[in-house]
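Two complexes are shown next, each including chain A; its partner changes from chain B in the first to chain C in the second.
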Partner chain A sequence: MNTFIQLMISGIAIGLIYALAALGVVIVYKSTKILNLAPGGLLIIAAYLAWMFLIRLHFPVVLAIIAAAVAVAIVGWLFNRVILQFLIGQPILAPIICTTMIWFLFRGLTFLFWGGNPRMFPAWLAGRPTVFLGGVGIPEIMIWCIVICALTIAALMAYFKFTRSGLAMRVTAEEVIVAENLGIRVLRVFSNTWVICMLLFLICAYFVGAIQGISQDLDFVGVYGIIVALLGGLESFPGAIIAGLVIGLVQALVGGYLAGVLGGGIAETAPFIVMFFMSFWRPYGFFGLERIERI
Partner chain B sequence: MKGRPCGVFDVRYSQDKAILRTKMHWALFILFLIFLFTIPLFLGGHVLSLGIIIGTTMIAMFGIQIMIGYTYQITLGHAGFVGFGAYVSALLMHHLGLNFFFALPVAGLGAALYGLIIGTSTVRCKGLYMVIPTISAHFIFFYLVNEVFKKWTFGSEGIECATPVLFGFAFNTDLRYFYLVAVITLIMGLLVKNLVRTKAGRAFVAIRDNDIAAEVMGINIFRYKLLSFAIGNFCAGIGGALWGHYVTYINTEFFPILDSVYYAAFCIVGGLGSIMGAVFAAVFWRILGEGVNYIAPLLDNILGGTAGNVVSSMGLITFAVVTILFLIFEPRGIAHRWELFKQSYRLHPFNY
Partner chain C sequence: MLVLNNIEVKYQNVILVLRGVAIEVPEGQIVSLLGANGAGKSTTLKAISGMLYPEEGKVTDGSIEYNGVRIDGLRTKAIVDMGIVQIMEGRRTLEQLTAEENLIAGAIGRNPTRGELKKDIDRVYEFFPRLKDVRNQTAGYLSGGEQQQLVVGRGLMSRPKLMLLDEASLGLAPMLVKEIYNIIERLNKEEKISLLVVEQNARAALKIADYGYVMENGRVVLYDTGPKLLENEDIKEFYMGLSEVGEKKSYKTIKHYKRRKRWLG
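Let's look at the complex of A and B:
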């Protein structure tokens, strides 16, 4: 039973991280209709920038976090302005390949500048002790992860609901041409989308980096983020969160109980097998919009 | 229909259907064949091995050209199918001791069967959602090789691929292997070129342009999508098997997810929807890779001190930048430039 609770907690924590990464994919798809396959790379660059400000440049903690947020926001803005705004409206393969290539680009760039050795966040983040709640050992970072991810998701919802630019984003998600006619600067909305997406990845990066250490292998979280977004439906926020939890729990439980039976690789492969059968049943995801097409 | 050079008129259907239409065409083709089969005799081992790798990539690229370029079934798992073919032929030769020239088509058929299983998802999935089953296919391939059939594939230790032997003649040097690959590449190229001109090929194009309209016009789109998957992955399997027996040792790390994306990306760089595009794609990709391999150590010397970081990251950065530049500035690929060049050559004295 203790093992089960432990696996559940770590599944929820990992699931919420996946959910955040998936939200990064979903908001981009909703407003720009680009399937963002780059979360792997964006996560890596966010993690390395966060690490750089904290360790390399010895910034104080709060300042380092703010500086990292500003830096990733600039990366997201540039990303939209330099590359992706030219790909809006092109055949669907072009943005898919382009974002994937950006993943590889960031992988290569971080490798070039910081090398392939895994890096660690400082002890106040990465070296959290394990707390015992009624005999169940839970790493404290997992609890923080659950709390902060939940808060971030709530803040994101509030942003869309209550602010003007969130409203503009929702209008753009509905229909770009209408949004333009209403006087919304669509290009600015697109840039905002990418900035928010990058900030989400930064939050992911802090926690994943604390749990696993920072290296180029972080992009696996990004890959699962894509899977989660597709599983939940590319147009749906609740879908991304629910699917994130589902995939996180499936991974934790399958890895915990079935690894002995089905081999060690099953924890990594299980989400893909789920996805494959999902594509027969509901290819648009749990909550995705099934488009009615005309000739 | 593509233009003809000035003064060339088709008076018979056979002329209309010919792949090589004019005498000039024939002359160039024969010259090319002579060039292809004599030049290796004078080349060093390194260029030959590059040629072999280009050939095997080209065969796999024909497959992805059929799937993406002609049917627009987006696939990001092509390297998985390439690996599947390589493993099928390696296993057949290793455990059953079959001849390579029997194992090669079986490898293609095995990959095609795997493609058919994955392709059944097209019954509900389409457009960008095709990313899901195809990427899953790649990871399921890893899982199959490393965990499920570990007893036969030896998991991550890898498996040896025997040297192909035909009637006692072993293809054990680069030169001999080059001729083998060249012949098979030519045959596959001819098959694929003809395939896209048949009923199936036209059905593929109809599905690519608008699948609902194609269905309304009576094309069984599920069947043709499956056919496209089968043929595309057949090519992948053949290419993979040839490549595997050239490097003589394979494991799953030779078929990374990276390569799957590169296949699709360089298909765009080469040009979607033309067989020439696949040829350009394979040549461009492998020569670019070779150039990077050549330049990266030099750059490493100049920049210095970063413990080989340049060498391992240069490929990623170069390929990414080149592909992104192509997507932004020439989304129709090299094949489009080639068509423009041919058009201006045909009209030579005039410019329209």
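Let's look at the complex of A and C:
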């Protein structure tokens, strides 16, 4: 029973991280209709920037986090302004090829700037103790991860529901032409989505980096992010969150119970197997957007 | 107020859609723009509101002036800020949003304060009381008439001085068309909004119009005051389907030759 609870909690924590990465993909897809295959590369960049401000530049903790947020926001903004803005409305293959190339470009850049050795976040983040709740040992970082990811998702929902730039984003997501017609600065909205996307990746990067250490292999989170986004229906927020939790739990439970029987790699493979069968059952994901049709 | 000086519009630099269109909308008046499908009415509106470029169209000759300022070539955002709003054809509501969010979306471009926003929304509800009842419903599920009202109301949220209305009667029951046009007339009278109305429903449009233009093949072929156009034999024949006596056409008396239009198309 204890193992089960442990696995559930780590599954939820990992699942929420995937959900955040997927939300980054989803909001960009919704507003610009670009399928971003580069979250892997962007996530590594975010992780290394976070690490650079904390360790190499010795910023105080709060300042380092703010600096990292600003830095990744600038990366996202530039990314949109310099490259992706010009791919909007192009045939679907163009952004796919472009973002895939960018993934590897960024991966290469991190080798260039920060080398290939794995790095660690400082102890206050990466070295959290294990706490015991009623006899169940849970790494404290997992609890923090669940809390912060849940708060981030709530904040994101509130942003879309209650703020004007959130509304502008929803309008643009629905009909770009109407948004333009109403005098909304569509290009600014596109930049905003990229900035939000990068901030989500940064939060992922902190937690994955704390759990696994920072290296170029972190891009697996980005890959799972794409899978989760596709599973959730690519245009649906609840879809991305639920799909993230499903994938996280599947991974944790399969890893916990079946790894002994089927070998250690099964935990990493399980999400892809789920994805494979899902594509037969519901090719448009759990919550592919329903178009409203009046009858 | 708004003057189009012989504008020429090309799509993708090859397709010539408008050839020397000259139209004037005086302050506080309703001007209607009539014509068959493909005559270039919607293109004219898009040229004014700066919405040509998503379709790779451009004003290649002539000029569009609004209160003495040239606006051809400006971005839509700038034109909306100057007080010109286009209500696009086909009831383009934002389907997943609620009715009220649709209205707010019409105002966020100019970033109003909370109080202003509240006041503007109330003003729209005053003109369209039905919208108040459905304010929290998803716009995609509203009826056709409600959606049309919503779209006009959304345009009103940007506090326009000139409204470009594209086919507000499209696919609506005659009673609803009447209702919409009554409200449009009130907007003109009470809010002093000038209007450029594109219509296929010639009668509905000419009834409220001070001035009317008829377009064909990308140029203006006829213009006159609204009442005079209503009396015009050609308009009656070609746009209202009435014969000279003013009765509905009957197949019994149909002539096997076409009436010649008295203009150069």
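What we mean here is this: the second predicted complex is superposed on the first by the 289 of 295 C-alpha atoms of A that agree within 3 Å, B and C clash if a C-alpha of one lies under 4 Å from a C-alpha of the other, contacts with A are read in each partner's own complex, and residues count from 1 in each chain.
Just so we're on the same page, a contact is a pair of C-beta atoms (placed from the backbone, for glycine too) under 8 Å apart; a residue touches a chain by one contact, two chains touch by 3 or more.
Note that the coordinates shown come from a computational prediction; the quantities given were computed from them, not determined experimentally.
More residues of chain A are touched by B (comparison of chain B with chain C). Once chain A of one complex is fitted onto chain A of the other, the partner contacts of A:Ala168 are limited to chain C, with no touch recorded for chain B. Using the contact criterion defined above for the overlaid structures, shared-chain residue A:Gly115 touches chain B, although it does not reach chain C. In the superposition on chain A, A:Val178 makes contact with chain C only, not with chain B.
Of the two partner chains placed around the shared chain by superposition, chain B is the only one that A:Ala94 touches, whereas chain C remains out of contact. Applying the stated touch rule to the two superposed structures, the overlap between the chain B and chain C interfaces on chain A comprises residues 294. If you check the complex, the residues on chain B that touch chain A are 68, 72, 74, 76, 118, 120-121, 123-129, 131-133, 135-137, 139-140, 142-143, 146-148, 150, 210, 212-213, 216, 258, 261, 264-265, 268, 272, 306-307, 309-310, 312-317, 319-321, 323-324, 327-328, 331. Every residue of chain A that touches chain B in the complex is listed here, in rising order: 35, 37, 83, 86-87, 90-94, 96-98, 100-102, 104-105, 107-109, 111-113, 115-116, 227, 230, 262-266, 268-269, 272-273, 275-276, 278-284, 293-295. Every residue of chain C that touches chain A in the complex is listed here, in rising order: 49, 51, 54, 76-77, 80-81, 85-86, 88, 92, 94-97, 101, 104-106, 108-111, 138, 140-141, 143, 154, 158. Taken in their complex, chain A has these residues touching chain C: 164, 167-168, 170-171, 174-185, 291-292, 294.
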